[in-house]
Amino acid sequence: MPLVDLRNVFRSFRRPDGSSVWAVNDVSLTVEQGQTTALIGESGSGKSTLGRLVLGLLPPDSGTVSFEGVNIAGLPRPEMRRLRARLGVVFQEPYESLNPRLTVGAIVEEPLIIHRPALTRAERRARVDQALREVDLDPQVADRYPQAMSGGQQQRVGIARALILEPSLVVLDEPTSSLDLSVRAQILELFGRLRAKHGLTYLFISHDITTVEYFSDQVIVLYLGRVVERGPTPEVLARPRHPYTQALLSARLSVDPTVSPPHFPMTGDPPSPTAFIPGCPLVGRCPLEVSECSKAPVPLHAVGVGHEVACIRA
Amino acid sequence: MLSVRDLETRFVTRRGVVYAANGVSFDVGDGEIVGIVGESGSGKSVTISSVLGLIRPPGAVVGGSAMFDGTDLLKLPGRALRHIRGARIGFIAQNPFGALNPILNIEAQFANVTRAHGRADRATIRQNALEMLKRVGIAGPERVLDGYAHELSGGMAQRVVIALALLLNPSLVVADEPTTALDVTVQRQILDLIAGLIREGRRSMLIVTHDLGVVAQYCDRVVVMYSGRVVEEGPVATVFTRPLHPYTLALLRAVPRRGEPIQALGGRVPDLLSKPVGCAFRHRCAFAKPRCESETPEIRPVASTNPLGRTVACHLDVEREVPALAAG
Amino acid sequence: MANVVQANSDAQSSPAPVAAQQRVAKPSRSGGFLRLVARRLLLIPISMFFVITFSYFLVEMMPGDPALAIAGTTASEREVTIIRQQLGLDRPFDERYASFIAGVVQGDFGISFFDGQSVRESIFRFLPASLELMVLSLSLAALIGISIGAMAGYFRRRAPDSIARIGITALQAVPEFLIGLLLIFTVFYLWRLAPPPVGRLGLSDSYPDPVTRFLFIDLIIAGDWDGLVSALHRALLPVLTLAIGTAAYFAKVSRTTIGAAMESRQVQFARACGLSEFMVLRYALLQARTPILTYAAILIGTLVGGASIIETMFAWQGLGQWGLASIIALDVPAIQGFIIATGLFSMLVYLALDLLVAALDPRVTHE
Amino acid sequence: MSSLALSRPGIVRRNLGLWLGLAIVFGLLLAGFFLPLPYDPIKPDANAVLEPPSAAHWFGTDNLGFDVFSRVIAAAQRDLPLALGGALVAALIGVPLGLATTLKNRASNLIMRGLDAFQAFPLLVLAIALVTLTGNRLEMVVLAIIVIQTPRFVRLIRAEGLAIRESRFIEAAEAMGASPARILFVHLLPNVSGVVMVQLSIAAANALTVVAALSFLGIGVSPPTPSWGVMIQGGARLMTSGEWWVSLFPGLAVFLAVMSLNLIADELDIIFERSSR
């Protein structure tokens, strides 16, 4: 049984002017225990919305969101709150995700107060110290406030908080994209180490294909709220079949000046998310476009072992 | 074209004096694209703001020179500098929606820039604007000109900013993280566009970025900054294949590569609240010596690469003591 | 007002959400604008219902027997009975409330206990004077305040800014009536530059025919230039009093907003394009326009009726003076009429502001 | 930095304005209650009428022979507690109400609509009407201040609260399963405490001018109780004949107190801004 199982999930948002944005449009996906699954896409692709759906922070309009076999979409609030002990999350903006009026110690301790009421104060304190050490922070920082720390340290605090209850799933919502390159590497290295040590399952949300390539086992490529391609990361990135995945790959610029930049196949900007798109969402930007593309949505079909793509030319 | 020497910029804040740029020197040659690369707090944006005279109180440029076509931009009175900005030096901003005026229509913004540098009648302004918009790849320039910034997509808005920067045919273009605010698939298009326009007009460009890939693929020379100083400078082709400063090396090694363990650089960027003594990178440097504590390394040419014009600010005998990029 | 404040905080929010909005195709401009007008117009009856109900309950709150309190200790039994009848205290509550609302909706505010005049008539009689005072003092205040604020904002964190900041804070700490008294002492008593603070015209001047009921306009229509000069001279102190107090608020809001605008990326880009400092300041003013307008609307809303102390001090004969006199005389129908009139007036001002902001800002076509 | 970090060395020097403002407000308050006065503030001296300031009468005497200095000091006893108390009660009502309106439901919409209508009045006039109609009593002055100030707290806290509710750390708290009460008291309330304190001093400053204005109109005070507004009114007509001191000194007292409260607000604003960045 997969740890997370989304079936035909739709989620739209109503804009103040009355129009609707289809953030997630008929998405089905699974996250397997012990694997790192990456959701990759540009802004407006629905990847963060998917993260919130998985965390039960947003209800879907339709479809089922199962976590450990339980559909969390219709779960009563108290039960959902109890379930949250097994879900961890690390957000993009380390500083904004930490309450500036709480000390680092209080921030990391909070999940214990909520979900482990039997623990004594001293026991909690010991667990907090241990969690801080795990993320390479000196336990003495427990008395400091997050605003007195650097971005990298703040993100470590966020990680310590997400992991202190040893959750079965950790959602990483662009955890490194607001960090500097040198710090980003430190944090990625830390995620890798913690995964190896605790056998963690990550849902890794990112727009950076380099990080995704380095870090994930499975990759799901999203465009305008739809899955356009998915499969094992090495396979998908070595043999991308969807033009959008190919564009994402050729948008990546090598740091080696002797490697010349690949041909970039796409034109234009992503269209407005409020527009109704009857066919393939890439219509208008795609170099391989044929007239059938704009008629009906293209279903995902297998092109390799576990490798699926939603393109009629693939 | 542009020659910056010993630039020093400081900010007075409530927490103390921030030493943002401490003796920054570099050159931009004719027809050259130079990238300034560094992490946040390295002083890269402050450097270009200083050169363009955009530092406002509580910040101030306290020393150095920036020679552009024989005049020192830092000593120029406001009016004279203003006539260079926008006309002979174009500026591409980071976030087009922050840069474009949301209340004026696009045509008015073209008109204001044109009129800031000379007289022109409406028809000419419109004609020039239309032509420029076509050159930056905007398909319906009339509609864009009559509309407002918020009606544009990110990529389109950035094209408008580029058109404004190139409107008066500047010989130097300064770009501050020109694609950071854009979507990944749009970034490539905009970078290709900018580089094409620069090359084809035989212009020079100074581009500030934190993205090593942008430097590797689009720049001729690179200036690596750390803690308000230049630590290494030289042609991209050699600097990125054989970095000589330990910081440049560590940055390049921090790029994740599948199948290889990540080589993270420990520690963090020092704050700039005290004037740095010694090498600012020494706390994070694997090769630091006692000398690095007390003596600030001057930027110096590297002997054997001298014909290539490589310089580095490090006390080490860099060619022998700093390992190659590929070796662990 | 919530709409206004909301709209303006949206406009100032960080670039990221704005950028997200940009990608969305824009609905037709006029359509959005008309929708906004319709929605705001619909809100007025609802808000007015609150105002009317409130004005009713304010009087209902009077302790003891209101009729006795209003009539005073010297009143005869018959007078008290008449007042009681007029207030409808002899009828059940719901009937009273319903007939009050019905009257107000038809524009009938009743008859003043005090002078026996129709309250509606009195409102129309006294409103023009208040409007004249407001327009003059607010224009002057805006001119002074925005100039000071723009200067301070432009020289942010430098000497002119610090001086302006201290000056604004100090000025805001002086109650308006004290400003009036100090002006009377200096300008009238010490320097003899202004006539005594009694009324809008001197004893030797004659009032013109009330064509528009706006004194200045009527004087012009009548061609009474001496009278106009005299009236303007007498307007000097009250206008100056209100203008000085109000200018501090204008200065404060423009200092903050223009100061922030001067540090925006937009201004940085304008400078990088070589625009003149004058043009740069214009860009900053465009950005700061909405908050300043919002403030102006709030001040207009409070000044009509809210200038009652100053009107009384200078015997200006405006709505505020009349309202204040009515309150102190416990003239119930007049108080209710006054509250409803000022409430309606402010609402119309806020409506005008919302529409003006929407019309001026290409982004506020929809919420 | 914790909420205020008041115990740190150098805090006085760094926040000079704050301490100066507090010193003046509390100095006036203490003087009002404890300072031995040279003359009885409620007993006029018929032999010393309208005397200009002198060594005997520092601030002069008024047209009834009251010593202006004694009355200016004594008035602090009444005016300052009224203003501070009114502002405090308004905060106690307004803050919970404001937090309640950050929940997006029908009731909060209704509260906001009501406040919108409220905003349409000239509030000072409303306060005058309230006090006058309810029999001109002192308690009603406090009520008037509450009526004026509470909506401002509600609006401010609502605006702040809505912004904070959108922030990532609230989402993080929800994601870890924090209860609504926990989110309210641990995450929301401490983060609005800064603006509450700033608004509290602004409200107190504002309330003081309202108290002065009311008593200037003779509302809510019974003579000969000293009050700054009454004293300014007493000297108002004398301004046209040159006896400036009767109004000026109580006016200066109002100015000093309001200015100090504004100064406190400004400094607190800077401190909280800094401590949360």
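Letters A, B, C and D name the chains as they come in the text, with residue numbers starting at 1 for each one.
Basically, contacts are C-beta pairs under 8 Å (C-beta built on N, C-alpha and C of every residue); 3 or more make two chains touch, one makes a residue touch a chain.
The model shown is predicted, which means the values in this text are computed figures rather than measured ones.
Considering every other chain in turn, the ones in contact with both chain B and chain D prove to be A, C. More contacting C-beta pairs link the chains of A-B than the other of the two pairs A-B and A-D.
Chain geometry summary: the mean Cα position of chain A and that of chain B are 32 Å apart.
Between chain A and chain D the centroid-to-centroid distance comes to 50 Å (mean Cα coordinates, whole Å). Annotation: 52 Å between the Cα-based centres of chain A and chain C.
Counting only residues that touch two or more partner chains, chain D has none. In chain A, the positions touching at least two other chains are 43, 269-270. Residue positions of chain C with contacts to 2 or more other chains are 23.
Within the complex, the chain C residues that touch chain D are 1-2, 5, 9, 43, 46-48, 50-51, 54, 58-59, 61-64, 69, 169-170, 172-175, 177-178, 181-182, 184-185, 188-190, 196-197, 301-306, 308-309, 313, 320, 323-324, 327-328, 330, 335, 338-339, 342-344, 346-347, 350.
Interface residues of chain A, counted against chain D in their complex, comprise 55, 57, 80-85, 87, 89, 91, 93, 96-102, 110-111, 114-115, 145, 147-148, 158, 161.
Chain contact summary for the complex, chain C toward chain B: residues 11, 15, 18-19, 21-23, 26, 156-158, 262-266, 268-277, 279, 283, 286-287, 289, 360-363. Residues of chain D touching chain A in their complex: 1-3, 167-169, 171-179, 182, 186-187, 190-191, 193, 275-277. Residues of chain B touching chain C in their complex: 49, 52, 54, 56-58, 78, 82-87, 91, 93-95, 97-105, 112-113, 116-117, 148-154, 157, 161, 164-165, 174, 181.
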